[in-house]
Every structure is written in structure tokens, then in C-alpha cells.
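Next up: some structures, all given as C-alpha cells.
Shared between the two complexes below is chain A, which has chain B as its partner in the first and chain C in the second.
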Partner chain A sequence: MPNQGKRDDPAFRMSRRKMMKGVAAVLGAMALPAKDAPASVWESFFQKNFRELSPEELKGVLARLEKEYSEKYKKAVTVRATPPIEGILFGYGLDLSRCIGCRRCVYACVGENNQSRDPQIQWIRVLQLNKERGVDLEDAEQYYNPAKVPEKGHFYMPVQCQQCELPPCTKVCPVQATWKERDGIVVVDYNWCIGCRYCMAACPYGARHFNWKKPGLPPAEMNPETHYLGNRPRPVGVVEKCTFCIQRVRNTPGRYTACVEICPVGARKFGNLLDPESEIRYIIENKRVFILKEDLNTRPKFYYFYAT
Partner chain B sequence: MRKIWEFFKGTLVLVAKGSKAYYVWVFTLLCFMGIGFLAYLYQLQHGLIVTGMRDQVSWGFYISNFTFLVGVAAAAVLLVIPAYVYHWKPLKEVAVLGEMLAVSAMVMCLLFVTVDIGRPDRFWHLIPKIGILNFPQSLLAWDVVVLNVYLVLNLTIAVYILYNLYHKREPNKSFTTPLLLFSIPAAVSIHTVTAFLYNGLSARPFWNASILAPRFLASAFCSGPAFMIILFQIIRKYTRIEIRNEAIFKVAELIAYSMFINLFLLGAEVFKEFYSNTVHLAPLQYLLEGLKGHNDLVPYIWTAMIFNVSAFFLFLIPQTRENFVTLNIGCVLIFIGVYIEKGMGLVIPGLVPDTLGEIFEYSPTGIEILLTMGIWATGLFVYTLLLRVAVPILTGEFFVGEDGMKAVIVDTEFIRRADHLAEQSYRD
Partner chain C sequence: MKRDYLRYERVLAAAAVVVCLSALTAFAAPAPAQAQVRGPGAVQPSLPYKMFPEPANKQFPVPKPPFTPGIFPCSECHKDMKPNPKRRTLTDEHTNIVLNHAQGQRWCLDCHDTYDRDKLHLVNGQRIGFDESYRLCGQCHGDKYRDWKVGVHGKRTGMWNGEKQYLLCVNCHNPHDPRFKPLKPMPPPVRPGDIR
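Moving on, here comes the complex of A and B:
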């Protein structure tokens, strides 16, 4: 056998082992469970859409995910599915006259919401704009990197999911893996999304992000307080987005989102649009407010304003 | 039932037999398919990060190829219209060849969508009842429906006609004619729905122009028939099927008209954007002249423009249209021209600059190119095998034997020289 020598060659053995490993990984990646796969893998494969789960089934799903994440991240992870609270419609205000472009909100969000660190996924994008040209997106710069902000002649506009009343992204999803909840938050079922990225083409605000690679989330940095529709760890190949920190604002009514909490200049406001006494209502009624890309009729619940 | 089984066995024997050229061709395709498959395994293992796509440009080479091929699939069948109107003699042949091209192109379309999605393991979420198909809200759901209907429709017609001819029966006209007629609006609808898929997105001004669907149809009427013209010549040279020159020249003439409409619509779009000079101009500027020093697409789109315009004149002038050298040059130019214009030239500027004004230049990676070549090879492989069975049936060299059961195979060569054919018929 002329091939015999080749077979004993370590390089050949290596490549073969690597290939077998590759094949195994592929089966894993496709999540076509092997025969002896644990029952939980099959459960995950056949899991129904979140909105079709009965309360019993939902309980099972949450328990399974908690177990899975706790093992993976070596800490006690809770996965809740707290429903919307009646009488609340979340709204957000952003004061462009205050924002200094420090991007603390970007990283607070990444930490709170378990975004991938490698590759980096950020739900908030801060645009640097020229005061002379105003809100002109053609002129926006996302990758500004001076030693100190704010820079002279510039102002800053953070953009994240605008939680539209008429979201173009949910309309186009071919499998209803994304929808608007009763409290106005647009969510994604990461276990139902097929990763076609049609919603990303449809979103006028660049608010949707795709897991091009298995998300890299170091266990030490993982936030164990999670929500099924929010910051729980995401699998590869699905879309994710800002949820107004659904795990915070639903579990503890009145609590702020991570970006509001961190903002050093108080440029970010958050509250209940249905409450006439709320700060967000005061801003809308008394300040100069605008919404982004008003002509597209998406009706954002994210209001930019100038307080001074 | 046994009859069908015998027929199926016969087709298996057929595809395994052929001339040396046939074996070389099939083997080459299998090699490319193998490479493409390995590339797909690699992509599955590492995620779509191995492609050039990112959040800014979230669709790329795969979806570009998909879009172009929907056009090819649609137009292949639309050739049935002139075949009816002008009473071409090999009507059945034209219909069957066109429908099988549509089937092959559909297979490629479905493969391109499959390799593009992030979770192919969840494809069952698209199946109504088992999963949730967001119909009629999502245009992608519409596309899933019409593409599959179209695939089944064309397969049904082609197989029905061929199976009857194999049994030396005339296909039942009251069955085939309505289906054939239905396949015409179906062809228009698959391309319209695919255009609407882009058209409906208000976030992307480059696509959100109502001229998009008409442009899609006009350009499809160029690329699909251009492929058919070359195919007709190959088939009549190497098989016994006769296709008259007039039919080929008529198709070329139709291409010239379609290309005129395509160029006119493009001109209308270019005028509107450049003259009104709104913020919506940026994508077109990026495509045609580059934006802020980013001009990856510019050489490609101008190549396409030159190809399309040259081919238009080649097909318009009777002397060059009826000369097979210039005719074939025109076909190749159009196929490449439309491939660029309706592929990358359509998808990428829709996403660049992105919705927040960022310019991210996309170009496909090696993995994307290998995988794409693999899918093209798969499409050609499917078409080759379909032809391998269809051609001998159409020429009467593969039919059911005297006992009404066993298949008789006369043609064991498939791809043969025409002089060889003549010699053989002389001996007959």
C-alpha cells in the first residue's frame, strides 16, 4: 500500500483528526442533533415560537436555558420572561444639546446586555456631526477618536433602536421571529430567527445587528440577570437589537436602562408615555423635539430634543 | 407503478452513459460542486463571518446571484410566448428546454438563499402549520411561495410532456396548454415579487423606486433568452433536434427591444436622481462614480453598461444579429452585463451608504466565490442531467419498448458531432 506511509505521517493524521472535528462541529453548528445528543438539544431544536408557548412550556424552556447558561458561564444565571406591564408604553428622550459623545452609554449597554465582545457588537452607535451642517447623516462620522470629547464645531447624536410604533423590521420577517410588544418594545426570539437579515435591510436606523460569528462573551463579564427576549446570551447566526433593557424595566418598574443610568451629563431620559406626569411627557410637551427620518412614517418612540 | 419504475431506471442508465466529452463535463462539474460543498462546511463551522458581509452590508454575493437567477428562470419560460405567436416548429422542444432551464435556475436560487441564511437548521420555521410563514405580510414569504410553486409547476409540465413522448403518446393538450399558459404569468410574478422584496423597503432609497420591477423584467428578458440562444445552437449542433435560424434571430430581435426598454428605464432613473440631487442620490453616485473616494463598484458597472449597449446594437442591426459570430458575442456580453447590473450592481448600492451614512465597501471573500461557483456547477449539473434524459426522448432515441414496460435506449453518446449524426442516419 503506497498510502500506508502517508497515513502514519503526523501531518496526515492531524489533518484527518481536524477534519473529523470539523465534521462534528458542523453537525453541532447545524444543530442537527446526533443520536445520543441530550434531550435538551432536541428540545431546543423543536422549540416553538415564543408567542406560541403555553405557560407550562415556557417554564420548561426558561429552566432549560438557565441550566444551559449556568453551566456555560459558571454562575447562577436567571432567565425571566416578565410580560409587559399594563398601562406602560416606554418612550425615550435624548438631549442633543447635552450629549458630549463620550460613548459611555455604548459600553454600559454592551456590559448590561451581554453583547459579543469578540467580534464587537454595539447596539448604540454615536454619530459625530458638524454643527454647520446639522443632522446630516451623509456627513456623519462613527469612528471619531480624539483624545478628548467634545470636539469644537461638532455635536453628537447617539442612534439605537427607535422602538417604532410602525416598525418596518417586524413587518418583513418571514417567520414572525420579531414583533412589537404591548409596552412598545420591539423584540426578537433568538430561538426562532432564521438569520435571513431581511429586517436589517428594512431598518432605517441601522439598529439591528447580526451574529456573524459565535459571540465571544467571557464568563466573568456575563450579566446573569437576563430576560428571554432581551439580554440572554445569543447563538450564532441570529439578529439582535436594543430592547430598552427589557430585563431591567419590566422586572423593576421605574428602573432606568443602563445607558440612561451611565450618562454623565444627563442627556438621556426614559419613562412612560402614558403617564402625563412623566419626565418624557414633559419633554415632548415643552421642548423642541424631533424624531429621526420622520418622512418614513415609522413613528419612533425615541425623541431627540434640545433642552437648552 | 412498475412502468414508472422502469422509466426511472432507464433515466439512470441514460445519465450514466455518454461520450467522452459528456464524462469530462460532468466530472468537472462534480469537482466544483465538491469544492463548493467543502466551502459551505467551512462556512457552517465558522459562521457567516467568513464572508465579506457585515452589519452595514448585510446582503452580498449570494443574494446578488439569487436575484439574477430569478430573472433567468422567469425569462426562460417567457420564450414560450414568441414560440406560440410565431408558430415555431419545435414549440414542444422550446417549451421543454425553457422549463428545464427554469427548474435548474430555481434550484440554484433556493441554494443561494439557503447558504445565505444564518440558521439553515431552522428552515422548517418557514413551513406553514409546522412553523410560521408570515404570509402575506412579508415579501420574503411571498417569494418562498411563488418560487416553490414555480419550481413545481415547471417540473410538472416538463416531466408530463417527456413521459408521454417516452410512451410515444402526444401529450394531452387540454392538460399541458392551461399549465403552459399559467406558467407565463407565474414567470412574471416570480420576478415581480423578487423586485418588490427590495422595492418595499423605505429605508433603502436606491431600491424604493417604483421603476425597479419593470427594470427587473426588462433585464430578465435579455439574460434568459441570451442563454437560450447559445443553448439552441449547441443542441442543434450535437443532437438531432432541429431549431431553425429564424427562431434564433427572432429571439435576438426580442432581446434588442427588451434591452432598449431596460436602458431607457435606467436612464429615467439616472436622470431623476441626478437632476433632483436629493439625499437619495448617494447610492447611485456610489455605483456610477464612487463616493468620497470609495469606488469598488465603478469599473464593474461601467463594464456592464458598455457590454449592454454594445449588445443592444449588435442585436438591433440585422447584419450583426444574423451573423452567428457577432450574435454569440452579443449573447455573452448581455449575460455578463446583466449579471453585473442585476446582481451586485443592484444589491450593494441598496446598502451603501448604510442607513446612518457609513460607507462600507463590500467585496466577496474566497469562500463566497468558491461556494458560488459550487452552486453554479450544481445548476449546470442539474440542467445537464435533465437534458441528458430529455434530448433522447425528444429525438425518439429513448422510449418504451414493445412490451410497454422495458425502456429502449438508442442514444448512448449524447454529445456527438453533427457529421457523425448524419452518417448514422444514413446508415439507418
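Moving on, here comes the complex of A and C:
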């Protein structure tokens, strides 16, 4: 063997393991945000899960995000992390006898919650159903586009996150980036989400949406009143969902959600399930109410009802 | 078996005591006993729906009535006219109003007041302002009125746990043609295949 001598030379005595280590170290270093990286990139790189942040750390995170978004969207953006109000469990009512399928709610939601315009992400999906077949999801049409709604023989059922009491989506998250808050809202920590989309597969309502591309959000249309767990601008590669307008409702007094506020027929109702005097409790106690896919035992807090 | 019997007996005895006591109190002081039954501690009869007792003159936070610009006050034109309470089809004025709301069974002055043109009136003759028109509508549409009062029929804006803004019936329903008019829907979502 002519090369035998060369191989025995100490300079060439590199084991496979050693070589792999070297390659990994170089690749790892290349993956780090070294090139023109501001300090904030490192801070977000080492940021903890939202639920593990101390009050001081949270303050720092919010300040960093506010600065980042304000620069990006060229306006004063506020990012709050208002905690849940004690003694509140949010519930939602939707009157199927009133909804006319005009999709005003869909676009009010997009405007309020800073969804990507291009590629399009919408948290509310309005289904057109056949009166003769009832709530038959096999027969649902979401791309209807007549000159005027409602169309004869049809009724409309908007579907969005049902804010389940037993949410299947949070169970499957491998990194616990999504969870149910004490006021019943299911939220996502966009900084912790790894984009595996298990939650999308687990959700039986199609309520979760993925940012396949960098969200296209024109600065002029950006809503600067944001919440960390809600409508703050999302990065590419994370999952997002309806949060009952967490930035609006977690205040005393708190505004109604954008979809309730826009609905021209007043089909959407919102309130505290623990308050016996609230509209939502009146509906549950006095109207014909059903929840979507009851058989899955997800226990939604989104109640469809017939007021007439 | 014996235990059940005992319990039954005890219940009977208790009932007898209650009956005697109530008879006594009724005999001694009939008025207070009646007041007790009506008091807050009394068991309310169970109704198929929840009652929200309210004072008769309760005001709801409603916006201004949506008048056609320039039409109100009506007395502006009507002050010099002699009221004509005869049922007829109007030919000179208000011809644009086509009644599509129990037409044939009613006409203008069933709701609009004959002698005070800036007011409406209820069937009992009580005059009410246009800002209270929900009381007029509620005379026939009692179930909707009940739902509206508790915030279930119609749109609410404002604060879910604070001050709520109501709408008048006529903000959404034209009183002369009340069916909600169809709307043009906003654009449908982009099909996944068309997202690039």
C-alpha cells in the first residue's frame, strides 16, 4: 500500500468523530445571527417561554418588541401583556337565525388583528349551508360570492376558534407554545412556536393558521394597539388563531370584539359565562343552543343559537 | 323500609307545623304574611324564560332616530294643517312611503300621533317620542322586544362589561318596510391553490 506511510502521519490522524465535530461547530456558527445582528436578535434568541418570564423580563421583552415594531411600521406601536381578569370566563354566541353571510366580520377581524394580507390569512370562515340539509359540514361552501346575501334556501355559519375548555390543539404542542389562559382564551406565544403545525392537525375546527411566508402587512393598515398573545405582528413560520380580540376584551371596561362590533345584523354576542346577568348566559338559558362537533368533547365556549 | 316510613312521618309532621304556623300568622296579621310571600326570599314561580323586572319608564341608551334629513320636526309643515283623521291613501305628500308592514290593516295615524305630529302613540293613546319608538314596536313584537332589552336581539356596541350602546329598531328596520335588506357580501377567501 503506497499511502500507508502518509496515513500514519500524525497530521492526518483525524478520526471521523473529530471531523464531524468540526463540521457541526462550523455549521452551528454559521447559523448564528452574527452578521449585522443587533442586540435585540440575541435577546429574542434567548427569550424564555412567556409563562416563565419574570415581571422584569416581561417588561424588557415588551419594550424590545415595541421598539422593533415601531421602527418597522413607522408608528407608535404598543405591546401589552394584560393578564386575565379574575372571575371572567369568556363565552361567545352566534345567532344562526340572523347571520346573513356578508363576511363583514372576516375583514373587521383581519383589520383588528394584523393578519397577513398577502398571503391571505383569515381567522373567520363563513360557511354557506343548505337549509334543507341543516348543519351538514360535508355540504358547506365557503367560496360563495353572489351579488346579494342571504341567498334563498341557505343559511350561514361563521366558524372561528371555539376557545375549547378541553382544547386538543394545546395538548399536542411539543414545546408548550400554546395554552389556555384562565379566562378561557387559547393563546400562542409566537416567539416560542416552532412551527410544527401539530396544533393545526389537532384542531377539529380549522381555526389555526400558519404563516407560510413572511406576513404581508402594509404599515398603513397595521393596528398599533397590540397584545403579546394576540394581534402583535407575527414572524414567518408560526401558527396564529382567534383570541377573542384579547387586546380589547381584557380591560375594565373592555370593548367588544371587532367581529361583534361590525356585525350589521347583531348576530354575534359576547360576554362573561360566570355572570348570570350577561347576554351570553341569557342565551344559553333561554334559547336553543348547540356547540359545533359536540361529540368530540372539546367543550367549545362558542355557542351557536337560534333566537327565533 | 322502616326508615323511609319514619322520614315520611317526619315530613308530614313538619308540614303540619308549617301549615298551623302560617294559619296562625295569617289570622293574627294577614297583611305582613302576604308581604312575606312577595318578599325577595320567596320562591318565584318557574317561568319558561328568565324575567328581568324593570321599571316601566326604564331608559335604554339608544342613538338619535335616523330621520331623513330635513324631515323632522314634522310639525314644521303640519302646524298650519288641519289634521284629517280619515283613513285614506296619501296622494300629495309622503307618496314615497310604501307600507310593507301589515299593509291593509293599518295606516299612518295608527302609529303617528294625529294631534302632535312630532310624537308617536301607543295603542293605549300614550304619546311617546321617536327616541322611544321601541315601545311602539314592542306592542306587537313582544318576544323581540324582550330579547332586545336583554341585549340578545339586535346589535350592541360599547363595552362588554361596561356601558353598552343599543340601537333603535328603526336603525336596522325601516318601520314602513321592516324586512332586513340583503347586502353585497365581502370578497370570498382566496382558494389555497391560488395562494402564491
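The definition used in the following text is that the second predicted complex is superposed on the first by the 271 of 308 C-alpha atoms of A that agree within 3 Å, B and C clash if a C-alpha of one lies under 4 Å from a C-alpha of the other, contacts with A are read in each partner's own complex, and residues count from 1 in each chain.
The working rule: a residue touches a chain if its C-beta (ideal position, glycine included) is under 8 Å from a C-beta of that chain, and two chains touch if they have at least 3 such contacts.
Every value quoted in this text rests on a predicted model; they were computed, and no experiment measured them.
By the touch criterion stated above, A:Gln142 is placed in contact with chain B and with chain C alike. With both structures placed on the common chain, the touch criterion links A:Cys193 to chain B but leaves chain C unconnected. In the superposed pair of complexes, A:Ala307 makes contact with chain C only, with no contact to chain B. Of the two partner chains placed by the overlay, neither chain B nor chain C lies in contact with A:Glu56. By the touch criterion defined above, A:Glu86 lies against neither chain B nor chain C after alignment on the C-alpha atoms of chain A. In the superposition on chain A, A:Pro119 contacts both chain B and chain C.
When both complexes are overlaid on chain A, the residue A:Glu261 reaches chain C alone and has no touch with chain B. Within the superposed three-chain model, A:Glu132 lies out of touch with both chain B and chain C [touch as defined at top]. The contact surfaces that chain B and chain C form on chain A in the two complexes overlap at residues 119, 125, 142, 212. Remark: chain C residues 49-50, 143, 147, 150-163, 167, 172, 180, 182-191, 195-196 touch chain A in the complex. On the side of chain A, the complex with chain C involves touching residues 88, 95, 100-104, 106-107, 119-120, 122, 125, 142-150, 212, 249, 252-256, 260-261, 263-266, 269-272, 279, 282-283, 285-287, 307-308. Residues 41-42, 44-49, 51, 53-56, 58-59, 113, 116-123, 125-126, 131-134, 137-141, 144, 197-198, 200-204, 279, 282, 350-351, 353-358 of chain B are the ones that touch chain A when the two sit in their complex. Residues of chain A touching chain B in their complex: 22-23, 25-26, 29-32, 45, 49, 52, 119, 125, 127, 136-140, 142, 159, 168, 171-177, 192-198, 200-206, 208-214, 235-239, 296-297.
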